[in-house]
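After the structure tokens below, expect a handful of questions from me.
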Amino acid sequence: MSESVFYAELPWPVAEARVRDGAPVFLPLGATEQHGRHMALNTDVVLPTSMAVRAAKRVGGLVLPALAYGNRSQPRTGGGPAFPGTLNITANTFSLLVRDILCDLYRQKVRRIVTVNGHYENVWPTIEGIELALDAIGRDRCGDLRIIRIDHWEMIRPATLARVFPNGYPGIELEHASVLETSMMLALRPELVDLSQALHDGPASFLPYDRYPKPPAEVPASGVLSLTEGSSAEKGEWLLKDCEDGIVDIVNREFFAQ
Amino acid sequence: MSESVFYAELPWPVAEARVRDGAPVFLPLGATEQHGRHMALNTDVVLPTSMAVRAAKRVGGLVLPALAYGNRSQPRTGGGPAFPGTLNITANTFSLLVRDILCDLYRQKVRRIVTVNGHYENVWPTIEGIELALDAIGRDRCGDLRIIRIDHWEMIRPATLARVFPNGYPGIELEHASVLETSMMLALRPELVDLSQALHDGPASFLPYDRYPKPPAEVPASGVLSLTEGSSAEKGEWLLKDCEDGIVDIVNREFFAQ
Amino acid sequence: MSESVFYAELPWPVAEARVRDGAPVFLPLGATEQHGRHMALNTDVVLPTSMAVRAAKRVGGLVLPALAYGNRSQPRTGGGPAFPGTLNITANTFSLLVRDILCDLYRQKVRRIVTVNGHYENVWPTIEGIELALDAIGRDRCGDLRIIRIDHWEMIRPATLARVFPNGYPGIELEHASVLETSMMLALRPELVDLSQALHDGPASFLPYDRYPKPPAEVPASGVLSLTEGSSAEKGEWLLKDCEDGIVDIVNREFFAQ
Amino acid sequence: MSESVFYAELPWPVAEARVRDGAPVFLPLGATEQHGRHMALNTDVVLPTSMAVRAAKRVGGLVLPALAYGNRSQPRTGGGPAFPGTLNITANTFSLLVRDILCDLYRQKVRRIVTVNGHYENVWPTIEGIELALDAIGRDRCGDLRIIRIDHWEMIRPATLARVFPNGYPGIELEHASVLETSMMLALRPELVDLSQALHDGPASFLPYDRYPKPPAEVPASGVLSLTEGSSAEKGEWLLKDCEDGIVDIVNREFFAQ
Amino acid sequence: MSESVFYAELPWPVAEARVRDGAPVFLPLGATEQHGRHMALNTDVVLPTSMAVRAAKRVGGLVLPALAYGNRSQPRTGGGPAFPGTLNITANTFSLLVRDILCDLYRQKVRRIVTVNGHYENVWPTIEGIELALDAIGRDRCGDLRIIRIDHWEMIRPATLARVFPNGYPGIELEHASVLETSMMLALRPELVDLSQALHDGPASFLPYDRYPKPPAEVPASGVLSLTEGSSAEKGEWLLKDCEDGIVDIVNREFFAQ
Amino acid sequence: MSESVFYAELPWPVAEARVRDGAPVFLPLGATEQHGRHMALNTDVVLPTSMAVRAAKRVGGLVLPALAYGNRSQPRTGGGPAFPGTLNITANTFSLLVRDILCDLYRQKVRRIVTVNGHYENVWPTIEGIELALDAIGRDRCGDLRIIRIDHWEMIRPATLARVFPNGYPGIELEHASVLETSMMLALRPELVDLSQALHDGPASFLPYDRYPKPPAEVPASGVLSLTEGSSAEKGEWLLKDCEDGIVDIVNREFFAQ
């Protein structure tokens, strides 16, 4: 078990030694959220965890247990908090969870931390959780602590988008449960995708504002915000390679560069 | 005073009557945040307040006191929490403030509420504040309460952007303290802009990730994330007109349409 | 704009320089609360802000954006939380807001802070907010931080009260929306006062205890706790002069005395 | 034990029956706070508890365990949070404690509640605790719940003050650990008073503002804010009688009047 | 009064001197909770307070006011939160209360603290309160602060249990309001016990899991989880002696041993 | 994927249908905590998750993502919060996480919930999380919601303990990382156990109280609180069978019995 890339699969003496030797520690941030009729609810957990594992293997890092419950899904970005299947937690709870884990990693002498996020709505409560952890640790006592926050979709290169979408990229804002995520899931966990269920009732066309308590009616009934046509495991591998490379580059630049 | 568009400039019997008659109530959400060497720290308050006033006058609405302290500025979108001049509050405090105000508006029988936001980092804690208010009120007891959440930059039409940027729009992500905001401030409060101080050390080129506690060095020293060249009061009026019209259209569709 | 007494009307380099040079920073604390049929809901914002501006101009200080939403109004001191027009926030939210602003002022190297309060119910959550800020900063690491907390009604000299009330002062506890506040508003913002609407149904006579959830019936229907007769802009100027002088004296004693 | 006036000295079947029969329930609110060199730290607990007991016996009520830890003492009203001996809790904790107890009393079907407060700094967090409890219970579902909030010093009649202070009443603001409290303690718990230790270094003369983190130097070293001369058990009985009568009158008016 | 073992019965100069001289300070943690038809609701307050007093007298310590409101009673350990008579507070409030008191004791320079707990459900929120206090104080700045957390039932020696239960000890899990607590109450406060009301409807036989919102029906109607037969003041004294001795031994080992 | 026992491996239409048809939903509660030199840090996650999966398959249930970060480890039950490798979160965060998930399950119309806990320190914050969820939902509006809380070690039958420990059971309080957990891990994930690393420096002998900030020195250096000798996969299967059967029995009794 001492060879595992998963922090929690190690016995404590190995975990302690790896941290002491400077292993970067990756925290995947996900959600349990609808991803269309054709894909499993754990898409936002599988993707960042897999990317973290691939990157960790290349940089000698360790991967922590993923956060599987994400900040409230919103209509324009994931179908909304009331969509069937989706399980949300509040922003404050998510931030406190991130804060607590970061504070305890710091106490365990971890100084190189990378969060890899796969759920758009997690962006801001993650930032808040990091800020709260720095407040708690003391910004003037952080020493060499360095926390890197990555959203995986930022790692995809324009050239790859051009290959994936030869007819033009519809934009990240419509990419929930669409070609990018579907392709990567086909590459990683094909048994969790059933393209025959990918009803083509998108792409969604949202009004440029939010309404509460009832969101506007524009969320497609399928939960797919854009098209799934053209998804393939091969494309998924191109995308995953970008994410892996992007994370590795950042880790090398931030933690190991002279 | 009974003719004022500002809720707080009314005596209570008038405020009560206006609410009873269905006046939409606008809550501007801003920040006290650096906006370059050439512009005042209150830019994110002035813009949404002015837009709310213009829209309120057309739809018979009222404008509440703006929230002048915003959620923590971030390096890639506003220079970051440590930039001189910027005063931040935490996401949780911001959300609780929004929650409390919405709950009390509800208790005062206000059922038509529009938040107009001018500070990017407020987006998510505003959503959380609205969700918390709905939790507190009880989602099955909201009755005809309807809350509209608008970010003002979403109101600008593509045609206007094309006019403002004849050489191409650099993208909203670089627009902090740049041509859009500067032009609108020139139109509204020219005494709060000094273009001679607009040092051209942008545009910023950010790495696609965040780093804590010290952000990457890419924030331009001036705090301007993009260029200010080409800013003018005339362009500002075009933009403000879009925002005013956009808000009015939404209010009419949501509150007064059959 | 660099000459403005308002912190938020400055560009960041000027704000930074003014703070570095020791400018005292004033934070007005107000409320949006009924003030009788004859006066605007923003009375508790206008008064402390105006006093802070007058004092700041004399001592080279800066005035921050006022907090326009106050701690829950209470029946015996402001008509109560259920009075039409009044918008309350909770004590905890108010305290957190004060805490966050003070902590960020400290981070921005501000060491001379004056809160000027115009809403009685803010007294205790302001104290709590200050204590929480000191807890967060660390009481042994505050250095030369000094926070002064002023309630404006404490600045009025007995001699002035005697002039304003030649027939005897009815006591501060009945002064909500009455002669003192009305006179000062007449001096500062006469368009926000309409004495013809000042129904004389006071003075209120309260039982010496509180009752919940429904307060006793003694709150006058007008919201005026005492009399408005005899209010005048001239008297308002006497009172404002006392407040201005009182604040200036305190600032000089605390921050600039040898 | 079934005859005890103390709720917590009853076995549950008797407590349940007494509540079902409409017994008013009294919650004394105190503090552990310095009260001069001559008096015990529990003065603010002994006084409201004793008054509650006397009143409860006359109206068939029950007395709950007192809250012995009060909201932060302040320099102008009790010597301040840093005075030796004083143990403070935060306003938020105090409010949550009041909220929790009231919610559970409600769940236990108690509908007649009286808080009797003996510590000035508890006033506002008690109000907040009551408001939070009403929020949690639901203001439209409170039914016949009625909560009375009494500060004991409000119960003293002007005639009694005139008897106690034949040379004129110095005002409640200086009465911490002074003649009123000392006399009542002499009447109730003479072994907790040692007048030979009552150094006459008062009365305190406070500046009309607060300063943080270090309060102004005006707190008398003894902690006595005024004079103790003239304190006597006889006067204490007069005062206690006023408080007892005042509470009984309120209870009768609020709970038992037709 | 200066000889009292109760901290709050001292005037501040004596309390300050005693703390400076190293007196251990005891904080009793109790509850207001049903203890059968035969015993008062304050059993969990009386027992730890009495033990703390006995121990404090032997080691020169002081006893703080007990916390009389405990964390939510649970069905398997105390009858549950809905049992008549029981008054619960939330875990978070209990923890914050413990945190605040410990922080203020630390500020008052108390370095030897002993919590003596008499209510099973308080165990975990007390631990959390202690951890939160250490977080707030700063674990690297605690100096010689030492906090001892004792549950009184852990102090009873096996030999004593054998004497009390000559036919075998039924186990601590059934001991709520049963022979141990009843005997100690008979020794300490016999007027708060009425054995004639001790209906023998126990012992309880619980299923090994919890159910919410309605607990399983196994809580005996009397609230007695086991038998009261065989309770006596004499046995109570044996038990109290064990507790007193146990606490004294721990205090000597932890605070006064070389 | 529609056949998976894991909720998050389903697409939303299947999850929705399964819930509508009454599938019990299991939430495993674990920790990332040292479990001796011979076993992985995820032991408290693997065990309850595996048991939930086995039981869910028999009763037609679904298993949610496990909570992998547990409430603060304590010295007497898991080595303590400072043990290398252990990652703790606070009780409040853990409770809020449980509350949020339960509230959202309720909103998703799940009415049959079973928490299966594998980490002793989670017991009380789980109870609090459940109570907070019931408070938020409204105890009078829960309808047929039923939440079962199971600690897996309570499922082991005395007869099985007798078989596992032919020389006598040392008691659950010493069972952290010892024969019970080791045997079950050997049965489930043998690659995460290395018995050659099971140093025999136990069993631990704890003093009957807690000390903070530094715990007593009695935690064995290995983190094993008792012995691992005699652990085997075969015994693990006996124990797992008990747990599986116990959970199935409870589910049938509570959810499916007439």
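Which chain is which? They are A, B, C, D, E and F, in the order written, and residues in each are numbered from 1.
Please note the rule applied: a residue touches a chain if its C-beta (ideal position, glycine included) is under 8 Å from a C-beta of that chain, and two chains touch if they have at least 3 such contacts.
Here the structure is a predicted model, which means the values were calculated and not measured.
Note on connectivity: the fewest chain-to-chain touch steps from subunit B to subunit D number 2. Following the contact convention of this document, no chain is adjacent to both subunit A and subunit F.
A repeat of the D-E interface exists among A-B, E-F or A-F. It is A-F, with more than half of its contact pairs matching by residue number. Here E-F and B-C are compared, and the pair linked by more C-beta contacts is B-C. In terms of the distance between Cα centroids, subunit E is separated most widely from B. At the interface between subunit A and subunit B, two copies of one sequence, more than half of the residue numbers in use appear on both sides, so the contact is built from largely the same positions. Taking the mean Cα position of each chain as its centre, D sits at the greatest distance from subunit A. Separating the centre of subunit A from that of subunit D, both taken as means of CA atoms, is a distance of 54 Å. Averaging C-alpha coordinates per chain places the centre of subunit C 29 Å away from that of subunit D.
Computed centre separation for the pair subunit B/subunit F is 47 angstrom, with centres defined by C-alpha atoms.
Shown for subunit F are the residues that touch two or more other chains, namely 81, 90, 92.
Viewed as a network of touching protein chains, the structure reduces to one closed ring of chains, two contacts apiece.
By the touch criterion given at the top, residues 1-2, 4, 6-13, 15-16, 32, 34-42, 45, 64-66, 68-69, 81-90, 92-93, 96-97, 99-101, 104-105, 107-108, 191-194, 197, 223 of subunit A touch subunit F in their complex.
Contact residues on subunit B toward subunit A in their complex (touch as defined above): 72, 74, 81, 90-92, 95, 121, 123-125, 127-128, 130-132, 134, 139, 142, 145-151, 154-155, 207-213, 246, 250, 254.
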